Amino acid sequence: MPLCITDIQRVPETVLKHFQGSEVATVHEAQGRKGLLASYMRPIYPGAQLAGTAVTCEVAPGDNWMLHVAVEQCRPGDVLVVSPTSPCEDGYFGDLLATSLKSRGVCGLIIDAGVRDISTLKNMEFAVWSKTVFAQGTVKETLGNVNVPVICAGALINPGDIIVADDDGVVVVNREEAESVLQSVQKRSANEVEKRARFEAGELGLDIYNMRERLADKGLRYVKTIEDI
Amino acid sequence: MPLCITDIQRVPETVLKHFQGSEVATVHEAQGRKGLLASYMRPIYPGAQLAGTAVTCEVAPGDNWMLHVAVEQCRPGDVLVVSPTSPCEDGYFGDLLATSLKSRGVCGLIIDAGVRDISTLKNMEFAVWSKTVFAQGTVKETLGNVNVPVICAGALINPGDIIVADDDGVVVVNREEAESVLQSVQKRSANEVEKRARFEAGELGLDIYNMRERLADKGLRYVKTIEDI
Amino acid sequence: MPLCITDIQRVPETVLKHFQGSEVATVHEAQGRKGLLASYMRPIYPGAQLAGTAVTCEVAPGDNWMLHVAVEQCRPGDVLVVSPTSPCEDGYFGDLLATSLKSRGVCGLIIDAGVRDISTLKNMEFAVWSKTVFAQGTVKETLGNVNVPVICAGALINPGDIIVADDDGVVVVNREEAESVLQSVQKRSANEVEKRARFEAGELGLDIYNMRERLADKGLRYVKTIEDI
Amino acid sequence: MPLCITDIQRVPETVLKHFQGSEVATVHEAQGRKGLLASYMRPIYPGAQLAGTAVTCEVAPGDNWMLHVAVEQCRPGDVLVVSPTSPCEDGYFGDLLATSLKSRGVCGLIIDAGVRDISTLKNMEFAVWSKTVFAQGTVKETLGNVNVPVICAGALINPGDIIVADDDGVVVVNREEAESVLQSVQKRSANEVEKRARFEAGELGLDIYNMRERLADKGLRYVKTIEDI
Amino acid sequence: MPLCITDIQRVPETVLKHFQGSEVATVHEAQGRKGLLASYMRPIYPGAQLAGTAVTCEVAPGDNWMLHVAVEQCRPGDVLVVSPTSPCEDGYFGDLLATSLKSRGVCGLIIDAGVRDISTLKNMEFAVWSKTVFAQGTVKETLGNVNVPVICAGALINPGDIIVADDDGVVVVNREEAESVLQSVQKRSANEVEKRARFEAGELGLDIYNMRERLADKGLRYVKTIEDI
Amino acid sequence: MPLCITDIQRVPETVLKHFQGSEVATVHEAQGRKGLLASYMRPIYPGAQLAGTAVTCEVAPGDNWMLHVAVEQCRPGDVLVVSPTSPCEDGYFGDLLATSLKSRGVCGLIIDAGVRDISTLKNMEFAVWSKTVFAQGTVKETLGNVNVPVICAGALINPGDIIVADDDGVVVVNREEAESVLQSVQKRSANEVEKRARFEAGELGLDIYNMRERLADKGLRYVKTIEDI
């Protein structure tokens, strides 16, 4: 039975705002290396970055009807997350839907399928991460679901979860873990600043991380030339 | 028997000029969603755009000899379309061939294989859509055909057809259908302008396209939470 | 037995400097069309270019421990070349390692796997060619080898070899052949300048390369239309 | 923190036994077209078929240490489900691990990575569905998790769920839905028997499913030749 | 406008019968190396072989409705050829449709998408060449076309053309060229028998094809060891 | 300059014979996990197995001329190893070349490209591991090299090296290391026999390999349910 869930719980804005500007790699590390979408999810133009709350949309292959249903469920700060029920690279989304989402304050789109009109989307500064770019049109004949849990590019995304995306890809933060992940992100970012300064000063990772002894224990052997073995 | 056809019929310039600036997605829709090349055909730099008449060139894998034969058949306003007889990603084309084509007024290249010298091609503003970028050289030992119908990246292209390409990919318009497609493109573009204004004003696709009743008929159910089912 | 070879022979700086600015396609041709890495090795941002001496690093899948060992072996003018022992697209490398390499005068990274923090790497103008971009983290548990010969993206790379990389991809020049390849590169570049002028002037490749007779001998037939056959 | 969960709830044997011999396509349809693993999951030999309860194992890329931990958690009727934390095609599993699993009554393996010794596995009649076949060895250095929920080849699998696999691929049935899915499977299978008899007798789907009127309403037009349009 | 063309011209049975048992590679060579479908089109079980006349069916992604329309157009000796309008790997076809086709004397299916129930299809000895095997179901909501020209796996197929398929893949023979191709196939097969006898007797291709002189002219050099160069 | 090296050093028959029947996975492990060809190299029929000495052949894409040169260099016990200079999936090899090789006592073919006539090859029991199966023909226009070192499917193969291949794939053993690898293979095989007996008896890998303490040291935690954390 096709469903549209209307009252989802979102990570509160007071928490979400602190994820703005966070990097995907940092968030992924901070939450124990989980939640990353597959590496084929790429931004349609370099430099895009977003953090927002997920409105999910499960669609049939080659059918974008449910996107219109999903748009109505979106609020400012949301990201639309679209996943087809089987692999498809059709262009589900173009500049008209982007205009509609933008007018509702939506910050971007994550779609495990294709998009089109990417030149216009770039001019609009509407951020999109997709599996591919393809002008192939879709139909409006088959229903799907809005705001149910979806698996998108290999990651489980629940409505209301946080999506963080940048040039490295896309990561999802579970809604209930958002606050604890945030603390971990902040600690990690601070630590990276300190480490970067040491690396810039020419210190080696071997010393910063005290690796030399453990490397020797594991059996690493330094030789001048291969003949020395 | 290897052939070079010299007197092909092209879509007339009076029609072609109206395709300048048309978008691939719009043209594809306007002609009933056909003629799109596979999504792996990507521009070598963002922002390139062209509309031109096809000179076709069928080549052996790893052999670019026939490209030199094809160049001589090109006129201002043409696009060179290259398709190997079996899948190949070698770099058939570089800056010297681009210089030659440019000197003849050719606006770009569509190649279901590799290209090289892409940094120079970008500086020359020579537009290329290709399957890949690869510096691998080719030989000049085996003949092919110029200006025969080819299947390029999954689409049938006849010499003289119109090629439209932009950041979304590449589409071919059959020569005999060019005028009727043009009318459809123009109608469609006008319609999109109107629709965009309504979306910008915050109107929903659900209402613009009168979808609510049909969605209900198909069985879409709105519930507050998943527990309400 | 995991090894780190410390005293490798590098192509001398007096030779290496002449490769600066050379194009991958030209170098590949100049050395008899060998040494090219697979076409999936792409720069993380357009316009990057480098020529440097290889420090090689063979790593386990999903484990970047040896990169820290390799960093210590790098000198100004080196390029770090990383190859996993089985296919892997994890993000072995990010901005901290790049900071470390940069502080040692290393000009870039060639990695048959993933990288992350690419937005920062681009801002740092640290050049990277990789198989993919992926934020997935790696561990530090398993040893590998530094400065042994590696096969990277289908090409054999010895420590001390020259790596040339640009928007077209990556090519390796064997250390012992570097001087003779250099001469060939210079001759080839000069020849291309002359050829480009002739192409710009509208001369055809058919005439520049004297192809017409050989094409006829091989059986190429010119006909006005397909009905003329 | 790496975990091994020891007391999982399995679908009871009284329910599981009725899934023996069920077809993947039927089970997938019966539960509303969900739970299918990606199409790249293929049996290592034709004709293999199983239904069992999942013991899940999340592993690091190139590291099969946790498989030994998982084996101890397996009981007769179980299927081992292995998923790496990032894409990997190494050969995590061979005949020794299969011997160990077989001695515990485990009916097969589902692995989103590589396997090896497939000739011996086939002789042992040990059923395996994998992403690839690859002799590449793995190490035992990094921990993972046993009996946590995993995403395997794009599907969410919880420990204790039912796995059904055959020549068409692999499908997971959620533990809590197993009984209702079973009823649906049985109804569907009965219906297929009846339909097959009608198709064998030469009746058309157009008539069996009463499609003719709906096709006409949607606008399907029958013409003798393309010239009749 | 969706169409079903009912009166197609087929290659006559008197010609078709001589293609029975022909090999794909031989037919492909005999007609000048054209008409081959992409290499990803594989039989679902080894040893299948067919030659038949094409009934074509163009379908929407994830929608198999038109297959039922196509079945009614099939006669004994036909092969059903299915091509989606954009790339899709869903399981459009299973044992019920195969039963229906078999009852009409159809010899097999060529589909640039997925199939399911392949174990049953194998038991039925119903021959299928497909892009993939996938249990994913399809819907019946969107129309397509029957018996229009289609591009299937990169080859142009017209209704009534001959399809030849075996363990090497699939090739199409244009209806109007069928008789002349047949003559060429028969000549070629006879020639192969003679050549095979000579190879079996230990004669070398170098001598059978008189290659030695031409190889020397092109510059092939025989040396005892690499040091002899 | 195209070369054919005629006097290569092969691993002696007295050593080679002991590799007959060795498994790819065992050989790969025995030599320190190197020498494996990429996982896309698959046998054209299940159950094939070989060990032989390599005659190498480097070919242009789509050109099989040099195969005829290579055949003459083959002796009983050899395996022909073919690698194109850029990726190509054309069918370089069919039943006539197989007949020629078989008449010379060659035991099989390893080709990083396509083959055809696979049904006949299977009937002949001629063993082939290839990248793909494709009926696409090749030309005889461009020279290559015989018995030079080649990189084939990512592995470096020298003429005279041992090739071992089975259902798991293909591995190369360096000629100079053959004897020491052989000893390691034999030791390893003996060890596996003993281990298999223990696994069959129900002993766990955790105990056979004494893993429990090391797992605990690394931090593995056993809990009854996920709520116990």
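Each chain gets a letter, A, B, C, D, E and F, in the order it is written, and its residues are counted from 1.
Just so we're on the same page, a contact is a pair of C-beta atoms (placed from the backbone, for glycine too) under 8 Å apart; a residue touches a chain by one contact, two chains touch by 3 or more.
Everything numeric here is computed off the predicted structure, so don't read it as measured data.
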| item | value |
| --- | --- |
| Chains touching both chain B and chain D, listed by label | A, C, E, F |
| Comparison of C-F and B-C (more C-beta pairs in contact) | B-C |
| Identified repeat of the C-D interface (over half of residue pairs identical), from A-E, B-E or A-D | A-E |
| Geometric centre distance via CA averages, chain E-chain D, whole Å | 30 |
| Mean-CA-position distance for chain F and chain B (Å) | 42 |
| Residues within chain F bordering two or more other chains | 33, 36, 39, 85-87, 89, 134, 136 |
| Full enumeration of touching chain pairs | A-B, A-C, A-D, A-E, B-C, B-E, B-F, C-D, C-F, D-E, D-F, E-F |
| Touching residues on chain E, where the partner in the complex is chain A | 60-63, 85-90, 134, 136, 139, 141-142 |
| Contacting residues of chain F [partner chain C, same complex] | 33-34, 36, 38-39, 85-87, 151, 154-156 |
| Contacting residues of chain F [partner chain E, same complex] | 1-8, 45, 65, 67-69, 71-72, 89, 91, 94-97, 99-100, 103-104, 114, 116-120, 122, 132-137, 140, 143, 148 |
| Residues on chain D engaged by chain E in the complex (per definition of touch) | 23-25, 28-29, 33, 36, 39, 42, 46-47, 49, 166-169, 171, 192, 195-196, 199-202, 204-206, 209, 211, 215, 218-226, 229 |
